[in-house]
Amino acid sequence: MKVTIDGRELEVENGTTILQAAQKLGVDIPTFCYHPGLSAPANCRMCLVNTNKAPKLLPACYATCMDGMEVKTNDEKTLRTRKSTLEFILLHHPVDCPICDQAGECVLQDNYFAHSAQPSRNFTRKNHKPKATPIGNNVILDAERCIVCTRCVRFCDEVSKTNELQVVNRGERSFVTTFPGRALDNDYATNTVDICPVGALTSRDFRFKMRVWFLKSASSICSGCSKGCNITVDHGGGNTQRYRPRENQAVNRWWMCDPGRLSYKQFQDNRLTDAQIDGVVHPVREALSAAARRLRSAGDPSKVAVVPSLLMSNEDAVALAVLTKRAGFGGWYVGGRAAGKEDALLQKADKNPNRAGVMAVAKAFGIETNPLTALATAGASATLWFGHEHAVDPKVLAAVQQLSRVVVASNASEWTAGASVSLPSRTFEECSGTWISVDGHLQRFAAGPEAKGASVAIWDLCFRLLRSLGVMDVMPPASPDQVVAEHGQAVPELASMPPALPPAPGRPDQLRKARAA
Amino acid sequence: MSTAVLNAIKSKFASGVRSAHSHCGDDTVVLDRKVILDVARYLKSDQAMAFNMPIDCTAVDYLDFPGGDAAGSDETRGVGGFAGARFEVVYHLYSTTRKHRIRLKVALDESDVNTPSLTQVWLGMDWFEREAWDMYGIRFDGHPDLRRILLYEEFVGHPLRKDYPLRGYQPLVPIAKLDRDNEDPKLVNTDLNPEAPE
Amino acid sequence: MSNHLVDSRNVDSRSQAPRFAKLWTPTEVDADEPGLMRVQMGPSHPAMHGTVRMDVILEGETIRDMDVDIGYLHRGFEIQAENATWTQVVPYTDRLNYLSSLCNNVGYVLAVEKLLGIDVTPRCKWIRMISAEIARIADHLTALAAGALELGGFTPMLFGIQAREEFYKVIEHLCGARLTTAYTRIGGLRWDLPDNFEAGYRKAEASLKKNLADMDKMLTRNRIFYDRMADTGIISQEDAIEYGWTGPCLRSTGVEYDVRKAHPYLFYDKVSFDIPLGHKGDNYDRYLVRIAELRESLKIIDQCFKYMEPGPVNVDDWSIVLPPKEAVYNTIEGMIAHFKLIMEGIAVPKGEAYGYTEAANGELGFYMVSAGVGKPWRVHCRAPCFALVQALKPMMLGEQLADIIPTFDTINMIGGEIDR
Amino acid sequence: MGYKVARPELNIFEKSYVPEILKGVGVSSRHFFRNIFGKKDIVTVEYPEVKPDYASRYRGHHRLMAREDGTARCVACMLCSTACPAHCITIEAGDYGDTDVEKYPVKFEIDLLVCVYCGMCEEACPCDAIRMDSGIHTPSQMYRKDGRVGKVDLMALGDLSIAKQGGELS
Amino acid sequence: MDPILAAVLFAIIKISIILLGYVMLFATVLTWLERKYSALIQDRIGPNRAEVAGLRLGGLFHMIADPIKVLFKEDFMPRTENPIMYKMAPWLSVVPPMVIFAVIPFGPGDMFVISNAPLGMLFIFAIAGLGVYGSVFGAWASNSKFALLGGLRATAQMISYEVAMGLNLVGVFMIYESMSLQGIIVEQGETLWGFLPAWGLFLQPVSFILFMASAIAENKRAPFDLTEAESELVAGYFTEYSSMKFALFSLGEFIEIIAIACIASCMFLGGWQIPFVDATGGIILTSLQILAFLFKVFVLVWLQMTIRWTLPRFRYDQLMKLGWLYILPLSLANILATGVWLYFAA
């Protein structure tokens, strides 16, 4: 089938919508209610385009292409209709940009500025609707700002299938709300905030924290479970401010779960920023030699139990494997977070993002792995401990506390308390690396916020510790990619590394289309 | 304005002209650096050209220029002209007798940032080229005295390059970091950036 | 010390000045040679306005070699501009030539408008012309007054400054600040003219005329002043052009090049004014040309007041200028436009442009590259002083130490502009 | 068109220094005698006693405007800190928990030592909250930290703003 | 009482009164007066902030406040090889002008002059020649290139103009046939042709102009202040001085202003002579004559200050040219003309 869009011809399959065809050509058609992951109700009327097949304008998101169709997306009629649609949508929109979190990433702002930019002709009093109503644990509704695109309603119907939301009233008084007695409290509720084109639904967690145009973004992977959902880490002021899902049709499509979305918080409390020897702050360099001394004084190196963190990237794991082998340490005692909730959509019971990767590295290097519980009875004399996140087992905890411990962790926890030497590591947000998800996807994440304090990436620490231990013939690599390239050839899972991530979409001004000259 | 100049250069130095355009009323010729010196000499000496006044010389770094990657078509690279290499040296010339202007551009790759110095034609290019060297690290071959001009000799790097870090310090003397709330007025904190890490 | 008694300048004052004997040389005199003395003038020296250092090698009081070292006021204007929205650059331009900020403001926005391809309203053009000419007057007055001060004439300097103060008052009424004006906006102006603006200007004009007459009486025909200025700091026409000189300094050599005439912008083609030219390009000519330009500027402003008509000062396009405040406070359309412009800046189409205007010191050019977003990809400022000061060395070789001072003044080096 | 400026050539009389010196002395003396006996042309303002009049547009110390109930009009939209070319404004937003206003600045701090007084913040304010028309120039400070002026001080200079807002034009 | 002892005591009293009561007081007032005067020329108010008990008196207290302030300033001393020379220099520039007053007659007779030396003018030349050492020592010992340049200029300038200054007065000596100041003043009491006082100003007008020019040059004040030319040499030979040492240099300058005014009024304006009153004696007349002298001195001080605040300064070679090519030949010509005239008049 042949369609012509703005004079450019395109061959499409039957059933393709005009919008999809236009996207293939790179023609921009503004939308509000359309979302590729949801059904198309065609109720915002923003995407109306002029065609030769119908006397009236057709909604591009819903109307399918017909053979010989000629579509005009920027003729005078379409443009005038867009202006009218925008004027209509803005008729009762409150003057809320100053207090609206969406300002800066608001589709309404973008579309108005790109397609209308004309003054108001509004001389009527604006409608008032409920404002700032919490409709769930994570979502706040401002009904005045709602343009009734019903994306959120459709999300609850079609994706989370929990059906909490509905549209009430008619005409200009209609707005979205929950069914009586229900709350929007499913595990995917905050996705409605992401897909809301305006500021009607805002995140309770992110509310008023920071203006979105101050945020910088980095493409990353969620660390909340082993699913490996693709996310964007938005950070500003040196801290992660929020996670947003990033589209990956193979893993998480457009969505992510609320527990994962809030998982950035666990890296913000009790952050370890300095190296400590017996609880006293020292430079990392000194702490490394102290760690080497403590590990050597444990006697037989095979009595040193290594506990990897399952938040480690594959690069870290390779570095640790090199360290374990070259220093002659004993096996790995693999702990990790306790198993949790699993559902059909995204959440996985295994809450450790890189169990698959760490195990694959251990296997490839021939390192014996035991469950962490075995450490209580292993008879180790010292331990090289990574991570703060391992589920607490009182018996293991008691046993570990007896040992001389070198702890590498980003945050403080029961496991790090009382360590003889503690080294600050970076969180995964602050490093770049790869993880292998439970489904076997090898995925890359990029560094976001600046590293805190004196913290060092784990792979770097491992190689430096190796030198402190007296193994001088291993040159520390310069980057995580080099770690895998030089030492990780033995790991079949890491044979083909994913390509480097393109830079994450930054602030809106970098995305903006230029005004036509 | 005066496409005559454009045409003259195009016809005389056809092999060295990469592209030419008039955008926003400015005539621009993108030249190969092999011919830039000849073009300059021609422009100065020819009676019909008579570009006797060097107005300006500067450089632009097009690293990560939107739409400037290799895949970008000529169209997306913009009429304003970005010739495809990382650096561009931009000359502006003026003729006080003919009252016309021209912009010459030389595209330079990151790996080879040498271009002939036009001080051999106009002495007034002297400081402008020194500034371009200082800020972008463009090496002007044949410049008699290519030193840093705005920054100090000990400065490392070329700060207007897009990959030069925006924040950070490169002090000649160590900067005393002060506790912001217990400042001694006699000491001067040179850190004026409120976003700088404390 | 060979030339106490005879004038070292072997120049017939009626002929065209000769070309420099030696046009450009890198530093080649060895300061350790016996009989030579190396003097570091600056960066903190009374005569080095702004901060500039002159590494002078003297033989007695004669300059054998010198190197002008600039950069002490370098604050990274160009990299700042790359990290600010197009509008946010306007306050940065105030600090280029801080004596005539309004000229810089006007020059910058004209360059951006060239890239945007828009034309501002007639009233806006008249007001921009008035403000630029007032700034030019203030700048010339400073140069003239400082010239007297550098030669020890404190009283004439204060007369000049007195008149300048009056113009700064006018500027303050116009835009709320005297030096850091930040007055123009892309597509318009921050404000229309205030009430009673013309009355305030007339007062300043009267003060200028009165004080200029006093300065003139005390200096122009005074032989001490004449001897210090005439035949010192000579540059020939060819050399001035060769070094990229523009503005009053170029015109003092007799070259008729003024951007306002050669390539009229705003409404400079609608007003009548003349270009004063000098005879041989010495300090005295530059002094006379500046005085004559003051009178021309007054003429231009008079005509601007005559031709100006009421009307809007901003273009009617919310994607370029901020909406009026009532629309911002009360309509969502205005609010969105306001937010978009401030969050993201004006989306200037991709391309490059070189906008040039006649600032107080000469051709002020802004070469800018836009990547099509709200922030400039590159803004390069072609500062007129930069070209002027680079010719200082060939001008001063063989002259006396004391001649640096009036020469440096009459070429009116402005640290903020040269260092950027 | 261009014309050559009249360049005086000194005559022999002027070359003898004396007459021109006397002319200069005459100008000096005229000013002296006018200022001491006649109409005073003195332009100096005796500052602490006599304050110069600032122009109505003068951009001085910032101030935060208030609503009728005395709270700040500012809703912490951060446009001023975005528009600020010197990055001198720090705002932290808070939640009133009130459906009328919702958002307010918990902290509003301007570093007067960093501020360049360009007026971009008042131009950017969509709520008539920040203004620079206080007519007060910035006081000098002993310590750098005193240059960081907070919400309370800015409110103290403020006034009631009666600008209509929020589409209630009717 | 021993007459010698009495004479010595009397001399000491005269010295104290003249130096402390007149020269120093006048110089101190001048520091204020110059600032105030220049302010009024320039349409400013000038110093007016110092106050005692709410009284400001147009800033008169500044002349007390300034020395106090200067005394308490940090006395910075550069690293130098010659600390003694460095410390000596300010005194060398303040003492010689004070010594000049030893031969200045403030009134008729021996009563109002410390030493009525017969060759008073020679004494003055001798002492004034010493003034150069203040600048040169200061410049040399400061260990600064700007100071050195200033010192070099000062040497050349003072030596050149010393000659011109001396030659200018030869005409006066020839006419009045005396080198004693008192003698010259007495001669000026006569009247020429019945209406014009026989002042040097009228008998030697060229001499007067040249003398004032070379005397101002000798004092290194504008337009001849290129030894300190602040725009070129920062502050010339006293760049490196601070506190009271700095103040001494400027005090020396002010004393020299008075000294020049005194000498010029003695030589050219008839000293203490009141025009058309060719008589001495009597308390009232003597007082009037002293006042007349002070008035003449004041007028000449005013003239110097006005010139100072009106003119730009010379360049070094122009100054030398003026001294050697114009003033010196002119004064020689003046001597010649005077001699010819005297020859034929006799």
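Observations, loosely collected:
To keep things simple, chains are lettered A, B, C, D and E as they appear, and every chain counts its residues starting from 1.
Just so it is clear, contacts are C-beta pairs under 8 Å (C-beta built on N, C-alpha and C of every residue); 3 or more make two chains touch, one makes a residue touch a chain.
Model, not experiment: these values are computed from the prediction.
The fewest steps needed to get from chain A to chain D, moving only between touching chains, is 1.
Between B-C and A-C, more C-beta contact pairs are found at B-C. In terms of their C-alpha centroids, the spacing between chain B and chain D amounts to 37 Å. Our note on geometry: chain A versus chain C, Cα centroid distance of 52 Å, whole angstroms. Chain centres here are Cα averages; for chain C and chain E they lie 44 Å apart. Averaging C-alpha coordinates per chain places the centre of chain A 40 Å away from that of chain B.
Residues of chain D in contact with at least two other chains: 21, 24, 27-28, 31, 43, 79, 82, 126-127, 165-169.
In chain E, the residues that reach two or more other chains under the touch definition are 41-44, 309-311. Looking at chain B, residues 66 sit in touch with two or more other chains. Contact residues of chain D toward chain A in the complex are 75-79, 82, 93-95, 97, 99, 101-103, 126-127, 165-170. Chain contact summary for the complex, chain B toward chain C: residues 23-26, 28, 52-56, 58, 60-61, 65-67, 78-82, 90, 92, 96, 99, 101, 103, 119, 122-128, 131, 135, 144-145, 148-152, 159-160, 166. Against chain E, in their complex, chain C makes its touches with residues 3-8, 37, 39, 45-47, 61, 148-156, 158-159, 162, 218-219, 222, 224-225, 227-228, 400-405. By the touch criterion given at the top, residues 18, 21, 24-25, 27-29, 31-32, 35-36, 41-44, 46 of chain D touch chain E in their complex.
Residues 85, 116-117, 317-319, 323, 327, 329-340, 343-351, 370, 372-375 of chain C are the ones touching chain A in the complex.
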